[in-house]
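Next come two complexes built around chain A: one with chain B, the other with chain C.
Moving on, here comes the complex of A and B:
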């Protein structure tokens, strides 16, 4: 019944649509929420959708993970390892950026007592 | 559920704008996706997979991360180091006296937490070390295992307020493993047999593929990366937790979203 999923076009289309949905959920959160931590979480959701897109599009139906195990003996019919390695890099960088952003938000709140971006008016000319 | 009606909680204009963006993007994607999906005859990944046996690493992703794109990994570790330094700067500064709110005392950890962490801590450390050391054989590696080890220490810090990471020791561990990474790269560059940065100068026969001691320098470099990532992430956790007593609960508790 699910044989149509073996077509790479269908499968990649589903992956792309899902990642796109997740991305725009994150974008909505970034634009509509005003709490600093919620905005940072929205950015993390957008990052996650890009990782999913990379991993999803790099794998065609029938390909295995690029690891020799479970009786595999040759590196054939395997998923592309380069996007996976790049995604690993991106996850680490995303972690670093998120940690730095959260600590900036905490420090800002500690100094001013504010978490709402709409009330950040320290540098605004009156 | 709050008493605020749904139309007040959802920003309609923003939602419509985002939906418009999404529709436009999806339309462009629909045009673009017709090209290149089946037409890819060869990619970098295929070439790397074809010659991956030369690294004798059973995990092709690991050989891409550590060997073919090892220089990238060095930059990535540097970014993580800079972020950890920045976070340490924010939380370890002298500005704490300027905090305008009184510090609420930290509540003692829950008994379940303490008992559970006592059970989980050695298991998590063991799992982390396993994931680091088998990075060239199975899914995992230095980054993943390092974060697992850091999580173990994070739980320990949550459960035991008297437990503190010694920053000098963490810094020493981090600099030693970082210099070890660069040293490995330079050794590969200077030895005549490889003459490339991060070249695999140790013997790595293909027949040994799949064993723990195989793939030459790849497991050594990944173990160094694991130590470095573990130390950095644990330092980030430690920096954030140590000042938790000063942090007013408003940041997590306030609901200033409208």
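Moving on, here comes the complex of A and C:
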């Protein structure tokens, strides 16, 4: 019954739609929420959606992981390894930035008791 | 064994030295290395200069193109690399010699400053779109951390704001990279440039818009630059000088490098970028008029000059591009000088507000004199370097018969004169007796004197560097030569 999902076009369409929905959820969170952690999470959601889009659209049904093992000796019918390598790199970078952001937010909260971007008042237009 | 002198050292040396920092603390080499690393990179740049001027240096590590790490040093990226090393050298020398805030002189600041230099060099040199994203994040993360280093409320606020807006920019840029790869199957910039024309039109526009948002935020173009003054005000002035003098220039260069390389006809987007540049320039200059904080005023003035450079580069003619590259260098020297004087004034009088600095000219005569020199150079008065580069840009527009940018640039210079003279007048206010609270060592003025000397030298004798900037503009604009050099003659 779900055989139509094996059609790369249908599958890629679903992936693209899902990833874009996630992207706009992140964008909405970023623009609508003022809590520091919520904004950081929104950015993380946006990043995730880009990774999903990349991996989803770069792989077609029937392709296996690009690893030579279990009797596989030649690179046939394998997914393009480049997007996966790039996504791993991007995940690591995204995690590092998120970690830095959360630690700055915690320090800021300890120092001032504020968690709200809108209430940041040290630096602003006179 | 001899180590070959290749462009990879511009990235590898600061990275290696930064991550070996615990060793340097133990050997008490932290400060000498902080200054020595950019000095060594500057030396390397000058050693490679004769080679770069004959032909662009290409370096491919690991596999053959299009796979592998790919670095490209041509005349245009040489100018930027030399500028990055020089700006790093002056700022680091100031941090060492001024003997100031301890948080800027410990291991963390050392690591972040060197990583910032490594990231900027990488962005300028790389010939690979994904590496560009990685270097963008390296430079970005070190900049966020440098902003927040003081760890008081205003520094943390600046760091957080910078981190949030910078991450959003990086997400948009990554999105465009992903779309480019899905469409062309390539990451090498030259290979993408060959295939870019075959991408369907709407997708090209989407990729272009995502890149513009990502790089526009980072390059502080209107309307993506609302956050900039906050960051400059919250950071230490020396660090803000690095952002204005170095980081923004690198992102502008990357933006225009991509425009000139990927698009067969850059004129299509050039006119839009010129519009953004003009809007950035005029709005920033007008808002700068009413700033009461020295750092905010300098931030808006920096945005104005960024707009001017965008206007010049967006036109895409050799004369304005060469003038724009020259103005990049001049503006870096001037803004480093102005932000370092701001650092001295902030340290001496504990405040950077206009009202608190009245009469500062007599308590700190040297700093005030250097501020006046920098202000005159920003406005573009002869015989200072700002005059030479602005004249070059204006001549380029006039020769092409396009006069609206000329009028706008002159108008912007008038507004600049307005707000800089307001500050100069207050600095030399005779009715107030101001006493310096904290001492500033004589040696702190040495890096500022070097910058001031270069501003005068380049203004008096611009013919010393004319040829170099013309070659840089040609290298930046000549798409065919780059493609042939990277992919071989057949393509």
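Here is the rule we go by: the second predicted complex is superposed on the first by the 124 of 126 C-alpha atoms of A that agree within 3 Å, B and C clash if a C-alpha of one lies under 4 Å from a C-alpha of the other, contacts with A are read in each partner's own complex, and residues count from 1 in each chain.
In the analysis below, a contact is a pair of C-beta atoms (placed from the backbone, for glycine too) under 8 Å apart; a residue touches a chain by one contact, two chains touch by 3 or more.
Since we're looking at a predicted model, the values are computed, not measured.
K.L.:
Thinking of the overlay built on chain A, is A:46 touched by chain B (first), by chain C (second), by both, or by neither?
P.N.:
The second partner, chain C, only.
K.L.:
Looking at chain A, does chain C or chain B touch more of its residues?
P.N.:
B
K.L.:
In the superposed arrangement, which partner chain does A:104 touch: chain B (first), chain C (second), both, or neither?
P.N.:
Both partners, chain B and chain C.
K.L.:
Should A:32 be classified as contacting the first partner (chain B), the second (chain C), both, or neither?
P.N.:
first
K.L.:
With both complexes superposed on chain A, which partner does A:124 reach: first (chain B), second (chain C), both or neither?
P.N.:
It touches chain C, and chain B stays clear.
K.L.:
Just to be sure I read the superposition right, which of the two partners does A:58 touch: chain B = first, chain C = second, or both, or neither?
P.N.:
In the superposition, A:58 touches chain B and chain C alike.
K.L.:
If I apply the document's touch criterion, which positions on chain A are contacted by chain B in one structure and by chain C in the other?
P.N.:
Residues 58, 80, 82-83, 89, 93, 96-97, 100, 104-105, 107, 111, which sit in both footprints.
K.L.:
Can you check the complex and tell me which residues of chain B touch chain A?
P.N.:
Against chain A, the touching part of chain B is residues 10-11, 14-15, 17-19, 21-22, 25-26, 29, 33, 37-38, 43-46, 48-50, 52-53, 58-61, 63-65, 69, 72-73, 76, 79-80, 82-84, 86-87, 90-91, 95, 98-101, 137-139, 141, 143, 147, 209-210, 229, 233, 236, 239-240, 246-248, 250-252, 254-258.
K.L.:
Which positions of chain C touch chain A when the two form their complex?
P.N.:
It is residues 130, 133-134, 137, 140-141, 144-145, 148, 151-154, 156-161, 163-164, 167-168, 170-171, 174-175, 178, 181-182, 185, 187, 229-230, 233-234, 290-293 of chain C that touch chain A.
K.L.:
What residues of chain A sit close enough to touch chain B in their complex?
P.N.:
8-9, 12-13, 16-17, 20-21, 24, 27-28, 31-35, 37-38, 58, 65-69, 75-76, 78-85, 88-89, 91-93, 95-97, 99-100, 102-107, 109-111, 113, 115-116
K.L.:
Any idea which chain A residues touch chain C in the complex?
P.N.:
23, 30, 36, 39-40, 43, 46-47, 50, 53-54, 57-58, 80, 82-83, 86, 89-90, 93, 96-97, 100-101, 104-105, 107-108, 111-112, 117, 120, 122-126
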